[in-house]
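The structure is given below, and queries will be raised subsequently.
Here the chain labels run A, B, C and D in written order, and each chain numbers its own residues starting at 1.
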Amino acid sequence: MAEPITELVDAGDRPRVLVAGATGYTGALAARLVDEHAGLELVAVTARSQVGERLGDIYPRHPVPLEIEELDSQVIERADAGIVAYPHGAAAPVVAEMRGLGLVVVDLSADFRFLELPDYEKTYGDHGAPELLDGAVYGLPELDREAVAGAELVANPGCYPTAALLGLAPLVRAGLAEDVVIDAKSGTSGAGRDSGEAFSFVNVTENVRPYKPVGHRHRPEILERLSTLAPDGTAPSLTFVPHLLPIDQGELVSAYVSVGSEISQEELDALYRDAYGDEPFVDVVDSPPGVRDVRETNRCRI
Amino acid sequence: MAEPITELVDAGDRPRVLVAGATGYTGALAARLVDEHAGLELVAVTARSQVGERLGDIYPRHPVPLEIEELDSQVIERADAGIVAYPHGAAAPVVAEMRGLGLVVVDLSADFRFLELPDYEKTYGDHGAPELLDGAVYGLPELDREAVAGAELVANPGCYPTAALLGLAPLVRAGLAEDVVIDAKSGTSGAGRDSGEAFSFVNVTENVRPYKPVGHRHRPEILERLSTLAPDGTAPSLTFVPHLLPIDQGELVSAYVSVGSEISQEELDALYRDAYGDEPFVDVVDSPPGVRDVRETNRCRI
Amino acid sequence: MAEPITELVDAGDRPRVLVAGATGYTGALAARLVDEHAGLELVAVTARSQVGERLGDIYPRHPVPLEIEELDSQVIERADAGIVAYPHGAAAPVVAEMRGLGLVVVDLSADFRFLELPDYEKTYGDHGAPELLDGAVYGLPELDREAVAGAELVANPGCYPTAALLGLAPLVRAGLAEDVVIDAKSGTSGAGRDSGEAFSFVNVTENVRPYKPVGHRHRPEILERLSTLAPDGTAPSLTFVPHLLPIDQGELVSAYVSVGSEISQEELDALYRDAYGDEPFVDVVDSPPGVRDVRETNRCRI
Amino acid sequence: MAEPITELVDAGDRPRVLVAGATGYTGALAARLVDEHAGLELVAVTARSQVGERLGDIYPRHPVPLEIEELDSQVIERADAGIVAYPHGAAAPVVAEMRGLGLVVVDLSADFRFLELPDYEKTYGDHGAPELLDGAVYGLPELDREAVAGAELVANPGCYPTAALLGLAPLVRAGLAEDVVIDAKSGTSGAGRDSGEAFSFVNVTENVRPYKPVGHRHRPEILERLSTLAPDGTAPSLTFVPHLLPIDQGELVSAYVSVGSEISQEELDALYRDAYGDEPFVDVVDSPPGVRDVRETNRCRI
């Protein structure tokens, strides 16, 4: 039976964690990070295929020693917390089941990232557990660490929104951002394992191309969050164009912001250093950052 | 109606060429080379899918202006020669049909590369036109230019056999090669367009791995041809291991040969320069060659 | 002695071309293109180092058979036209010498790209032949084909300006562009052969990084040309940030333009198709283009 | 003052470690691994350049917080153990100084890898501290863990020898290997930071090339160690050809071994599983391994 995580941690015990959807790239990485974390115990990894195989045989670089299991209530009840690495739409019912059995849940899909149900439905279609939307906390600790720490359902932000929000938050909070152009550049692992011909080596190497220049799903997610940060509740106008790069991991978000009033480089620097000076995983740097500087880390450089 | 190619060329006319299977990588490249060749006229490109699309829209780098057609006897009769870029097994019946209508055919598959039907059947299974095997000529002009020029059915050699045979022929003809180890290294486009997860960018970049260390299909093809080159009709013993590299095109074949008797570097050099001194597309070089030196060319460096 | 090129061409003769600075990437490519061109004769390649080596041994993919010579007046006098592939600053005196001996010159450096001497001096420093600036023609035939065809000194545009100007010209000519953000993405060969540690494989692969976000030399070049295209002679405001990608050749320029008034997608399409419908090397496409589509071609896709 | 490491560890104290030559790739990695190791304390990083800079600013992915210092006896005396990441030749005197001040030393160069001084001199030239050669232990724990654990001077093996010896040791110990061909494939970071034009992105990407096919320095190192493993003290004959791949890290060693007598696949498997079954960082696998499986780990797959 699940136990309250804060009590476990206070008592010096390690919460037991289950990763559902552990054979995809994000689920496998989540399983590995839990497995390596001294304060957590990885008790089960589940997936809809490859049941019975050792996760470490599928991803040998970081050989998690557990075997893939099928997800059912008995597996869920062995854990205090669950990480759900399912595609959007498929995630919501699994999250609901885990919550019903008392687990704290971190959902890596888009299913609980939106504040407003209509915004979700317009972007992704029907929602499998709309009743949970209200209680979900957007999992970007740099924006609201306290809320994330106390949450029972955390909606992990998308990759582009994470970088975009960290980059824009100080300006938007100060009411300075008017028009924003985001030229986002991403590696290919974001497309997942079954990504098809467009993501074959031959089509990606020595190439760079924009995709979904209009209507990318991360645009409304960014806009919703920016509006919560803006002093007047209104997000700046946003153009968002993602590009696919010949790298496997990592992304760079180049944001071009027109500011309403004059602001000096010194004031800008102060704004960002105030925002992130104490953040352990965000570096504000003077020279343009490269994705290689943070590859395979949880660091962000601005 | 097809006309004899040698007569056409003698008369100063351009043979009309059809490429069947033009949407795959090899077929598209064949179509482009014919299209760019001053002495040939590309009259049709066919495929089993994407009929009606312009080939140049699918492969924009070298925009062949023809539309994809379905292959039938009417299309075949518009040509004097056909290039067949079908998978092995599927190629033989198409080749037979074209030959029946009088075309000179170059087959890019493995279907007519073998001298002996049992060798083919052991490697690839049933053969769709065994009666044509006898008349086929192995299309490596550096080994027998005259035979290729006069052939009505040319079996284009596989990628590894081309490099391996050019590299080994002088030694084997001189009766010098005893044990041969071939460590072959290839880019990923050889796997074709629908190559699946193993050839996704994420699985190929920053990686190198051997594959099929035992039983690769090109090994018996190399052995058969080496035996025709050896003075005593016996091929040397051969270990053949291909490796997949994070490059899109090109391959490097490193061949390690134990020779039966002492041979000086000067004698070796003479052997190779005698063999290839007059060949326009084979360079014998003093320093180790790199695949980049020949990328997107028909050159071979030894 | 140099002969007037238009007369040569009218008489059916091939102009004799000299490439100065042929061992760098751009010079070597220029030499190869001249060598392969049926209407031109490559008579000499020169460089300040590697004199006496065969250019084809340095760049074996496209083996130009000439030996590197030292540049002097005798070499220059063997040609009707010269292509100068020197760094900016070093190019101007060489151009002046060739012009003095009657050659038509195409300069690949920045030395004659600017309309106004002060703009050049601010960006690159002293100018070695300011008296020639007036007669130079900016070599982008899509903007003014007739002027380029008749020019005796052609200033070849920079890589980013070429892409940026082709992308922006129709909008700017129509007076529609107000604010422009250019997020430019380039491969690494643009940095040249002696590019140092920042361009080593280890520092480029699996990386993407912006560089010179303020003050890149191509920004004033773009602005000057845009002002000549604008109906009121005023260039739009321009933010220009180049990024370095892990590809060897090619570049993608993503331009974000705020337009002054409403314009429909149909009007936009018409604007671009009118501008480039007859251009052989510019394709206006419906879906976002990738650099791989044009790699190693002189094509541009918008 | 240096304290005996075994006593420190027995007492539960963390040995204090100094890394000399910390700005190169190997030194920086050594510093990071020590910094992250719970049982070690990194007390200083030194280098001959960039003194005063924070190591974490030069290598931001794993931001070691120490500043680069100059190496002198005072810095050395603050440590119990030293890791020397100098080029061969330059390493020996630094190692001697550290040993003189009582430190346990791990040398990453080739200076103490050889058993016989003449072998070293033939390969690398004069030796700066030949008197220490006798006491040095070859740092491959899978071959002799006890010797490494008790050593006061550890000579870390070269990259190719590590992979080659782990791959060949079981066969050689069993007296089975006769002729060995090693086709080694390596990423580019092995060439170090100042690697020059041959290792620029443009020259490495989409390329693969052999280098030093005769006389690579790792060949005699492998031969010396194989002879210590062979029952009769005689190394098998060895052909060794390294190749450069377009990957940043990692290497694959394909070894082709002719065995003297018949051996079944089962016996082979047993031989390798016996040798490495208990080794935490060596996996014996059934399918061909890829370098990506072990990238950025200390694991080896055979």
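By definition in this document, a contact is a pair of C-beta atoms (placed from the backbone, for glycine too) under 8 Å apart; a residue touches a chain by one contact, two chains touch by 3 or more.
Remember, it's a predicted structure, so these values are computed and weren't measured experimentally.
Which one of B-C, A-D or A-C makes the same contacts as B-D, at least in over half of the residue pairs?
Looking at which residue pairs coincide with B-D, the repeat is A-C.
From chain D, which chain is the farthest off, judged by mean CA positions?
C
Chain B to chain C: how many Å between their CA centres?
One centre to the other, that is 38 Å.
Which whole number of Å gives the spacing of the CA centres of chain A and chain C?
42
Would you mind pulling out the distance in Å between where the CA atoms of chain C average out and where those of chain D do?
The computed centroid separation for chain C versus chain D comes out at 47 Å.
Give me the residues of chain A that touch two or more other chains.
203, 205-206, 246-248, 292, 295
Where on chain A is chain C touching in the complex?
Of all residues in chain A, those touching chain C are 179, 181, 183, 185, 187, 203, 205-211, 213, 239, 241, 243, 245-250, 252, 254, 256, 258, 288-292, 295.
Sort out for me which residues of chain D touch chain C in the complex.
25, 188-189, 193-195, 197, 199-206, 246-248
In the complex of these two chains, what residues of chain A are touching chain D?
Touching chain D: residues 60-62, 205-206, 283, 292-297, 299, 301 of chain A.
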